[in-house]
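In what follows, chain A forms one complex with chain B and a second complex with chain C.
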Partner chain A sequence: MNLAYLWGIFLGSLHAMVPIILTGAGEVIGESSGLFNIGLEGIILMSAMTGALGADAAGPIVGLLVGVGTGFAIGLIFGSVCTYFKGVQLIAGVGINLFSLGLVTFWLIHLGVPGHHAVAEEARMVDISTPLGDFSPMIFVAIGLPVVIYVLLYRTKLGLKIRAVGENPQAADVAGINIHLLRLLSTAAGASLAGLAGAYISIDWLGSVTKEISAGRGFIALATVVFSGLNPLLVLLGGFIFGFFDNLAVWVATMPAVQKVIPWQFVSMVPYVVTLLVVTGVIGRVRFPAAMGIPYERE
Partner chain B sequence: MLKEKSDPVEGKLDIILAGKGICKGFPGVWEHLILDHIDIDIQAGEIHALLGENGAGKTVIANCLSGFYLLSEGQIYVKGNPVTLKSPRDGIRHGIGMVHQELALVKPFTVAQNIALGLSSSDLSFPLPEVEDRVRELSEKYGLSIDPLARVEDLSAGEQQRAEIIKVLYHDPEILILDEPTSLISADAERLFEVLENMAEMGYGILFITHKIEEALEVGDRVTVLRLGKSMGTRETAKTDRTELVKLMFGEHTPVHLERKPVKSDKIVLEVKNLEALAADEEPALQGVSFSIREGEIVGFAGISGNGQSELAEVITGLRRATKGQVIIREKDYTNHRPGEIIRAGVSHIPEKRREMGVIEPMTAAENVVLKDIRVSPFSKRSFLNISHITRHTEEIVSRFGALVSDLWKSQTRILSGGNIQRLILGRETWKMPRCIVAIYPTQGLDAKAIGHTWELFMRLREAGSAILLVSEDLDEIMALSDRIAVMSKGRIVGMFEGSGARREEIGLMIATGASKT
Partner chain C sequence: MDELKKTIIAGAIGFSVGALIIMLYGYDPISAYTALFNGAFGDLYAFSESLANATPLILTALTFAIGFRGGMFNIGAEGQLYLGALAAVTVSLFHLPSATGFALGLIFAVLAGAVWSLPVAILKATRGVHEVISTIMLNWISQFLAFYLIAKILVDPLRAEKTVSVAESARFSLLVPGTSLSYAIFVSLVAAIIVYLLLWRTVIGFDIRAMGYNPLAATYAGMEKWKIILFVFITGGLTAGLAGAVHVMGRPPTYAIYSGMPSVRGLGFEGLAVAMIGRNHPIGIIFAAIFFGGLLAGGRMMQLSAQVPLEMVRVVEGIVVLFLAIPELIRLLSFLRKIGTPVVLRSKRS
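Right, the complex of A and B next:
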């Protein structure tokens, strides 16, 4: 093993962490307001699809925006169900996952090669080339966004309101805050970022859509949020840990010596297990909003 | 407490807030109106007491006047102008501030952060430094000392209440509504009264909600009495008295009449020998406690709470391990047996924390009432619940104890008031006329009338042969009910008195000093 190899893994890690961080940092906003969106996986999958089609039609920037829009729209539906219509968050989230899985599978069948849709080369995001390697611009977004969200949540009045709504909605109501609207917008903003993550996967990182391209990243992002205790800066760390093991696994799995002994599917399981172990190892020390998952209703 | 009260007629007081014909019913929940055409007005510079027993609708009026609830009917006037309050924010805009009974504070936030929440400044601003300054200013002006940077969850109940009041004052209200403000800070009430009187002198109109007649008389300039959602009229406190207010609150005056015949039996039902146990912090909570209770006898345990009374009750009912000694129930050793066995031995338990220990809050009233009997016929047959029998049984208990429960099978117990939960627990624990009852603060949260009924119930149970262990901080209750009175201090029984010959002063002194008779 040499330095170039290590650097390659590091670069790969940076690209692999982006969807986790975007999704996780967005979910921090939603969970701070008291809504727990287990449907992130479905949002990533769906926007990977819509984003790819958007990019095919009008270029990568439009593709990313379509992804964001898809996430926002699903977030609005999820948010309305869980606030104004007092639905159960868990079921609404599971619904998103199942619906997306079904729709994307169906969609892919009707797009030329069944089960696989490659994004045209000219529709893909262009990496920034440096002597150190190629970087996707989205890496910088993924590093900057948690900082912005941290400032929003902990250094502005809006953040105070979002956290109050998640912690004690009744007190927030008394303070004159529109609970349902704030929760709806918070979760939709979070879902938009999951949408951005999905579009990044298909347009930028992998360059294609396959049936289960989200590959559990929505759930890993959820685990990372738990690990972070709703601190977006820790989501950054959690995302990198996953990205690193994700890449390491690819590298290990493709080593000829390993390939003969252990099936690659087995090795690619490792990042998930490691991330979950790291992430769950610290649960118990973090504190969550008291009213998370509970619909608000005036007595 | 002596004080000069300004005469509302001479003082040319203006009505700041008035409600005319206020009605409130909750759709589908209550068949009757919770508020039935209430008229009320609050003037500048007065403390207007709103008096009524639990469930009379006091909190509902407060919520209507502050914009938390929409009116079903009626009109609110602010300085003579009709207004419609659609949300608490509307109330604040019209100068109406409300201090909620269950304080509306976000616990992990600081005092200043809690206040910043309700400000109308831009969402992207961060107004904390300015809020902190203003809180310090307000806290000095009104004598409500509070640290703006303290986290609410670290504050005592009294401090939290001061924080809540400051939060309300921050919006420069002209009317301050306080919902049962003394329920959290009974020891600190005088200090709050001073603050309120001071504020009334500055020209605020204050609506002070309470179920205690003495408080209404002490702090109020006028008092409006509420009974079951209807206004019984408004009086000037200078021109009324306790007797009249009792009559207004409860209607027909029913004096508590406790008749006591001597204990007939010598049969010992509950015997505790040399009992020792540890508290949660591993410190000794009970040290060599011994006593016995006979059939048809009430033994009252007086003393300041935290001197081992809770632990004693827990050890007897099997909830806490005894490290030494014996608990003997009807001549059989039940030391460190499981709670279920002790229940089957005929011991009822009216626990200290009714919401945590007494009921399962997310379950319904009916489910909670039959919680302990569910395994036997006729409550269940072959593992299936006998719904019709349970309904009949619960209905009987609810009506006998006067609990206000809207739907036995639908509404969760958590939405009931503490007093109503206590009524359900009393019903569940006493309907079988149990052989032994361990009752800890059985009348907490009940109003005067319900306390009277509970005392009568205990006397009937005593008459029927129950052995009753009564723990109470209320010396009147202990004196009224007990055949013998034990005083506990630091985990020991420091004195045992015959109820009939006991002198209040002597017991009081022993409670205060914790010293045994010399």
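Right, the complex of A and C next:
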């Protein structure tokens, strides 16, 4: 067990944290405005699919953009159902998850490769090679983005408005803010980042699409948002913790020595157990927007 | 009646969008839907398969519905179902005499489901952990637990890809020979009726619905929230565990779980959709489960004769659920008709 080995684990964790941070930081915007989107899991899955096809057709950058666009489009559907049409957010989110799982599986079969679509080598993101190892450029995006979102939410007028519609939509309405529109755009912006996360998984990190590719990451991101108490900077920390355990599970699965003691199935449980424990530990110390989850209706 | 209308509208939208997607991918929607219908309700065999599919779905839908009536979003049926199925198989390892084996299989499955729902209830009641997060995490944990048990403990010594089969004497007998339909369907129907009576004819049922309708008022009326939470999740766990049991003990041909759990996976989440389509009412759920079981049976036919992948069914289901989230779906339709009519007329004239 030398230093290079530990460094390798650290690098792996960095790659594994990216989708959690991107999705979680995006969801912070949406939840600040009052919309709770449990459809993130489906958005990640769908964008992993569309992003991979986009990358196959026109390269990795286009692939990432297709992923973002897919997330944005689904975010608009979810957002309009939950704002203008006063839909129940949890149910709408479940609908999106079911739809995405069905369509991606359908799509994979349609492509003639049941279960698994590999992204062509030349369509994948190129890592930045340094003497310290290969870094995906998306790692830096994932580290920078929460800072940008923090500034947006807590240091700008727009951020104040977003938080106002989540906290007290009645007052925000009186102040002349378009509640529905702002909520719609906030959740769609958040969903685009989940889309980016999905495309990152298929184009950059894992290099293939399967119907299990999102592997609960949308829900882990939701848990990270709970852990953060809507502070994007804490999403960064939470994302790294989960990235570490996620990566640890993969790493242990390849170690015959460890496997003899602990079967891989138990190691694979660890990220989910940790998520549950962390959420249990911090809950009660965080508070959420007063109007979260409630459709806004003028009296 | 409005509830039924709403379901029909959402269904119509779901099938229309589904047809659009089928066309988009270059298949024929008419032959696809014809095959779907024939495969679901075309003859006695098809209908029996639909009912067989409905058997576990009724139970997992009840899990969600009990929670939903109490204002909770219990999506833990998936994991509790795994535990129930595993427990039912585990009992058959002990080669018990027929009646004992059968009864213990059911009892252990039901208990396993309830035990697996306990952490959710306790975390919610004591720490306020939202059940969406805890149930999803437990679903994943139980999946890996199941993978381990299937591969290491319950594995069939002769066929490594599956668990041992439930002993013949501990299985439900077939209701219609030559099909997958067993007497297990009656277990599901009775469970639905019991849940109906529980929710609408007992004090605790009234408390649950009051809590779901207006938690503040229910608390002021002196109802103890933690008791209701505990009751809701345990009852939900019981039905989900039972779903696992009726699936492995009542579904031919193998009466076992394969590695990767292809036949068990998704039954919990599909139950959620069934509950939504059945408007979270036990009687509605029975019909919704038969309808949805029919889609799954018909989906196979659609895949065979129109080459449209079976997963299309889930796409339609997702859209239906998305639209069912809209409370004023009926008003939305009349609104669309109002703004839609003049446009249509204009385009016809020009």
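Here is the rule we use: the second predicted complex is superposed on the first by the 295 of 299 C-alpha atoms of A that agree within 3 Å, B and C clash if a C-alpha of one lies under 4 Å from a C-alpha of the other, contacts with A are read in each partner's own complex, and residues count from 1 in each chain.
Here, a residue touches a chain if its C-beta (ideal position, glycine included) is under 8 Å from a C-beta of that chain, and two chains touch if they have at least 3 such contacts.
Quantities reported herein were computed from a predicted structural model and do not represent experimental measurements.
Undergrad: With the two structures laid over each other on chain A, which partner does A:I262 touch: chain B (first), chain C (second), both, or neither?
TA: neither
Undergrad: Going by the touch definition up top, name the partner, chain B or chain C, that contacts more of chain A.
TA: C
Undergrad: Which partner chains sit in contact with A:V226 here, chain B, chain C, both or neither? Use first/second/both/neither.
TA: Only chain C is touched by A:V226; chain B is not.
Undergrad: What is the contact status of A:V148 with respect to chain B (first) and chain C (second): first, second, both, or neither?
TA: After superposition on chain A, A:V148 lies in contact with neither partner.
Undergrad: Have a look at where A:S100 lands relative to chain B and chain C in the superposition and call it first, second, both or neither.
TA: In the superposed model, A:S100 contacts chain C only, not chain B.
Undergrad: Which partner chains sit in contact with A:G216 here, chain B, chain C, both or neither? Use first/second/both/neither.
TA: After superposing on A, A:G216 lies in contact with chain C but is clear of chain B.
Undergrad: Taking the superposition as given, does A:A172 touch the first partner, chain B, the second, chain C, both, or neither?
TA: In the superposition, A:A172 touches chain B alone.
Undergrad: Chain A touches which residues of chain C in the complex?
TA: 21, 25, 73, 75, 123, 127-130, 132-134, 136-138, 140-141, 144-145, 147-148, 151-152, 269, 272-273, 276, 309, 311-328, 332
Undergrad: List the residues on chain A that touch chain C in their complex, please.
TA: For chain A paired with chain C, touching residues are 38, 77, 81-82, 85-92, 94-103, 105-106, 109-110, 216, 219, 222-223, 226, 263, 265-266, 268-269, 272-273, 275-276, 279-280, 283-284.
Undergrad: Within their complex, state which residues of chain A touch chain B.
TA: Contacts found on chain A: 155-158, 160-161, 163-164, 167-168, 170-177, 287, 290, 298-299.
Undergrad: Quick one: which bits of chain B touch chain A in the complex? Just the residue numbers, please.
TA: Counting only chain B, the residues touching chain A are 68-69, 87-89, 92, 98, 100, 102-109, 113-114, 116-119, 121-127, 415.
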